[in-house]
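Okay, so subunit A shows up in both of these, paired with subunit B first and subunit C after.
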Partner chain A sequence: MDKDIKKKSTTPRGKSNAKKIPLDKIFQAITFTACLGVILLLGFIIFKLFMESSLSVDKFGFKFITSMEWDPVNGEFGAGAYIFGTIVSSLIAILIATPVSVGIALYLTEIAPPWLSTPVGFLVELLAAIPSVIYGLWGIFVFVPFIRQYIQKPIGDLFGWIPLFSGPPLGIGMLSAGLILAIMIIPIITAISRDIISSVPTLQREGAMALGATRWEVIKYATLPFAKSGILGGIILGMGRALGETMAVTMVIGNRPEIKASLFAPAHSMAAVIANEFTEATDDIYLSALIEVGLLLFLVTFIMNGLARFFIWSVARGPKGGIRQ
Partner chain B sequence: MFKKAGLISLVLILALSLVVVGCGKKEDVKQEGANQEATEPAKDLTINGAGATFPYPLYSKMFAAYNKLNPEIKVNYQSIGSGGGVKQMMEETVSFGASDAFLSEEEMGKIKNGVVHVPMTIGAVAVVYNLEGISSGVKLTQETLTGIYLGTIKKWNDPKIAADNANIKLPNEDITPVFRSDGSGTTSIFTDYLSKVSSAWKEKIGAGKSVKFPVGIGGKGNEGVAGQVKQLPGSIGYVELAYATTNNLSYAKLRNLEGNFTEPSLEAASASAAGAIADMPKDTRVSIVEPAGKDAYGIVGFSWILLNEKYENQAMKEELLKLTKWMYRDGQQFAKDLHYAPIPEEIAKLNDNNLTVIK
Partner chain C sequence: MEKVIQVNDVKAWYGSLQTLKGISLEISKNRVTAIIGPSGCGKSTFIRCLNRMHEVVPGAKVEGKILINKTDIYSTQVDPVEIRRRIGMVFQKPNPFPTMTIYNNVASGLKLNGVNNKKVLGEAVEKSLRRAALWDEVKDRLNHSGMSLSGGQQQRLCIARALAVEPDILLMDEPASALDPISTLRIEELVQELKQQYTIVIVTHNMQQAARISDYTAFFLNGEIIEYDITENIFTKPKDKRTEDYITGRFG
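Right after this comes the complex of A and B.
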């Protein structure tokens, strides 16, 4: 075995000796197939979505994206309110979950003693294993009344004149959906951030400390710059989950296809409308419109991912680690 | 080298797709097998059906009881929703369907072997609310209920509601209507009722399994609506009667066609169906909301079993007919315990007659 490896490392790629060619190639083919299979699958899904939604695309055209009219009885469909709901609820989730998750990850790796960080880390990861329908039920019966009573009512009393916080405090609505999504993606972002941060070389930290840095300065100048792109990767994964989340969102968002400035108002999301209406949509155009929503959800996820990646690229261009000045 | 890898992977993909195709074929074989079994009546027979979720607890109880009486007959019923059941009928993958809404002419045209509607049970939809300190019995009229769901009546102490409830002190609280966000037979019956009693609702919104509600918030499923109403003070919603009673929700009395305020109950639902028989078309494809009768309750609807007019497998057809007849006669004994309203004998007779066309 050792010999083989040595030999391999000395022979140029592709010209290794005849005996081990088959194994090598078969392995390569298997991995390549796995990879290709996923790409083909993705291609098939997009193709199928395109085909099945053509009826709705032809009928409503571009208006489908901007219109808020969703009236199955009269056969009028527009996904504007759903797109808005999906994007806004995910953004709320990201805005809340990111600082909390990075905070947890830093505490667990840099500050907490091991006897605490191991069980706490485990508990945070356990949050990720809770099925989303449980989050939804807990959302209706515990979380939403709490939000209504202790967050929306006081904020509404004080800042009700700002459109963002206007309207009756129902508990159900965009804010609750964003918050519950935040809770759901915190374990994902935390787990990835923690792994990334703990992989920052100790030398890096020791170097900073040797220069007289405080703990905060070590985190700011040595740890975070090194872990930055990895943490952003974690945020992207979290965002992916938030965009596609269905059950928990539909239980607390209010399922009302409207665009309102207020965070307290009920809203709707793309994944939720598909899950809600797909089983009973027998009309051809109705079904086609729902599938077009699915296609658009694909596109929205794709674009959001692209934007996030661009953001990472532009942030991570600087020196990957080391003390920056 | 890359080329070779590509070649091998191509072979692998071909092999994979063969496996997939093979799987698909296997199912065909299975089905054929099932059909063959069916031609020999003495052997075990599985009848496949799919459709409405609302009557599922009743049907599964009926099928289990029938299986005890006739051990060779097994019924495999998938509660995938009324729309799904209809779709499966169109694709000829099931022997019978079940739906909470009768089929339109267009839908019937898409089912190659024809459809016979067999009313099997009656569903009542309760209007539930959450008002602190007020239990069941708030009286609502056709106008006030429609007003609430149209958004023209916004407060619980609105004079229009108060006029019928002199003995109850209604609070000065916002009304939040809750509707079903998922497509459902319950919404279909409820909006059918609102369309029948209000021309404004009929013109602006109409009836269907999902409609564009002008106000309110949506809950997913009966449990979602029941949950929202339970936790949101001042809310009002509609759920199947069983959900209202098992969740201890307060429900409203509705004014019926003859001016009496009636509670949703199994007796009232059966009375409603009996009241509707007079003008019922023979094929039972009719909405029975707001029927005549002084004890009738307005928001009720049939749940149908859907059979084909033609079956290729005669042995299976015989068994399916036996089963169906048993369900709307003997099977009805299970209805009350499970909070379903049994269908009146007059409708069973109508069914007897309708089933004779099946070949």
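Right after this comes the complex of A and C.
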């Protein structure tokens, strides 16, 4: 009796399965190929960068990273100043953009009425669509003179004795680059934070509210803890953009490969030097050095991402015991 | 019998949809009052009006008068945040704060009230967890995540969180609807114990539950109160035909 039922019930199901399998297989194959394609492409890029930079790697070795000397005429290359410029300008950008972006996102989701939050949210996203060369031009003609006149001069007058703010107020330099980058990544971090914050369950907010939380306390107890890891993810994306940004940075950073303590001093970045000098690089060793800068930019982005992810993991893993479904 | 909550002609809206059409009733101290009725009859709206949680939904509006301990909670001089601090609320689904430990979940209400003394907090956390019948299960892992508990335990954690601030009144919005039968039974037993000290208003779509645990029952239909009486009367000799139809399962 039991066997009969089993036979009857399994046969039709087996049949329909047999029909489904080819489609499933095809779908799997397509998605797998797409995924594999990206990985192969990435592998190929890294391989190519390794190959093309081998001349410079062999000649300068580890000194390439620590040395600040970049002298194409004498064939001496060291990328220290570029690495420094890329990392510091990105960190300035993150430090400024994060509070501003999270503030905008919280205002748009928690405080602003809908007739205001929708258009403002749209405008912020529009900022992300502006080409970086426009940011650069605006930076040179509007932003840099403003920074020089109204930020660097007064700060330099008051705090010029601190190395961080020493030197002549040139306008162009590390600070301007960091600020331009901050403006460029604010829309990214804002858009992601806003989506994450608005996906915090109402039940969480109401839980805090029912305990007698004020608007700020609801944000502090329910919204931000819940959205924390998502917001940090948005910050990582913003940082990725800042690390790789080329055009706007090269237009305002001053393009001088030096490491200075002062935020007002001109600096340089890895992406900027590649873009600026690629056409001039006629020697093999010059070209190879530039490609090694590219490889290092890859590496720096990778390491910064890794560090940021470790940071997220350590702050967002929450208390012991994990989550039970 | 002392009346803790006096509700007089309360009307409520979500946007243009009127969900309460003039509710008047009085709720007795240290008793369990159940609100029953089909989905969409306004029972959840009603208890959300009692701690001014209804108005936090965009477009929501309340009219009428609610006195709690003789204070008009909708008076302009009253801060809704203060009202919510004095009234505990438990929701349909357990909602512990996921990034907090069990301890901090229970302590969160007190911390919101400005209590920072470790000793006071520790005592309050233990007392609340004991009252919520959860202490024995979690006492060795107070520093674990609130989310590491089972659904029923999480709901009792939320009850403990609500009790920690020593409210007089506990509002429960279908507290067992997302739980399995055993967890439901534990919550029901808990409600029976808690009524010694608290006035409990519980919304439920489960009529057997209302019959088991409540002293008074109000039957809501389409935003109106059809019948409000001692629970026994509602379930054995309802006066209104619609109440009878509902409790005998003819609709809803």
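Here are a few things to note about the model shown:
By definition in this document, the second predicted complex is superposed on the first by the 302 of 325 C-alpha atoms of A that agree within 3 Å, B and C clash if a C-alpha of one lies under 4 Å from a C-alpha of the other, contacts with A are read in each partner's own complex, and residues count from 1 in each chain.
One rule holds in what follows: a contact is a pair of C-beta atoms (placed from the backbone, for glycine too) under 8 Å apart; a residue touches a chain by one contact, two chains touch by 3 or more.
This is a predicted model, so every value here is computed, not measured.
By the touch criterion defined above, A:L211 lies against subunit C but remains apart from subunit B after alignment on the C-alpha atoms of chain A.
Legend: residue contacts after superposition of the two complexes on their common chain; A:N74 is shown touching subunit B, with no touch to subunit C. Contacts of A:G103 after superposition: neither subunit B nor subunit C is touched. Contact with neither subunit B nor subunit C is seen for A:G306 once the two complexes are overlaid on the shared chain.
Look at A:P119: by the touch rule set out above, it reaches neither subunit B nor subunit C. Contact with subunit B, but none with subunit C, is seen for A:I26 once the two complexes are overlaid on the shared chain. Partner subunit A is touched in their complex by these residues of subunit C: 51, 53, 56, 58, 81-82, 84-89, 91-93, 95-101, 108-109, 112-113, 141, 143-150, 158, 161-162, 165. By the touch rule above, subunit A contacts subunit B in their complex via residues 14, 25-26, 28-30, 32-33, 36-37, 40, 69-74, 137, 140-141, 144-145, 148, 168, 170-173, 250-251, 254-256, 266, 268, 272, 275-277, 279-282.
Of all the residues in subunit A, the ones that touch subunit C in their complex are 114, 201, 203-204, 206-214, 217, 221-222, 225-226, 228, 316, 318-324.
Interface residues of subunit B, counted against subunit A in their complex, comprise 1, 4-6, 8-9, 12-13, 16, 80-84, 86-87, 107, 174, 176, 181-184, 205-213, 216-220, 224, 227-228, 230-232.
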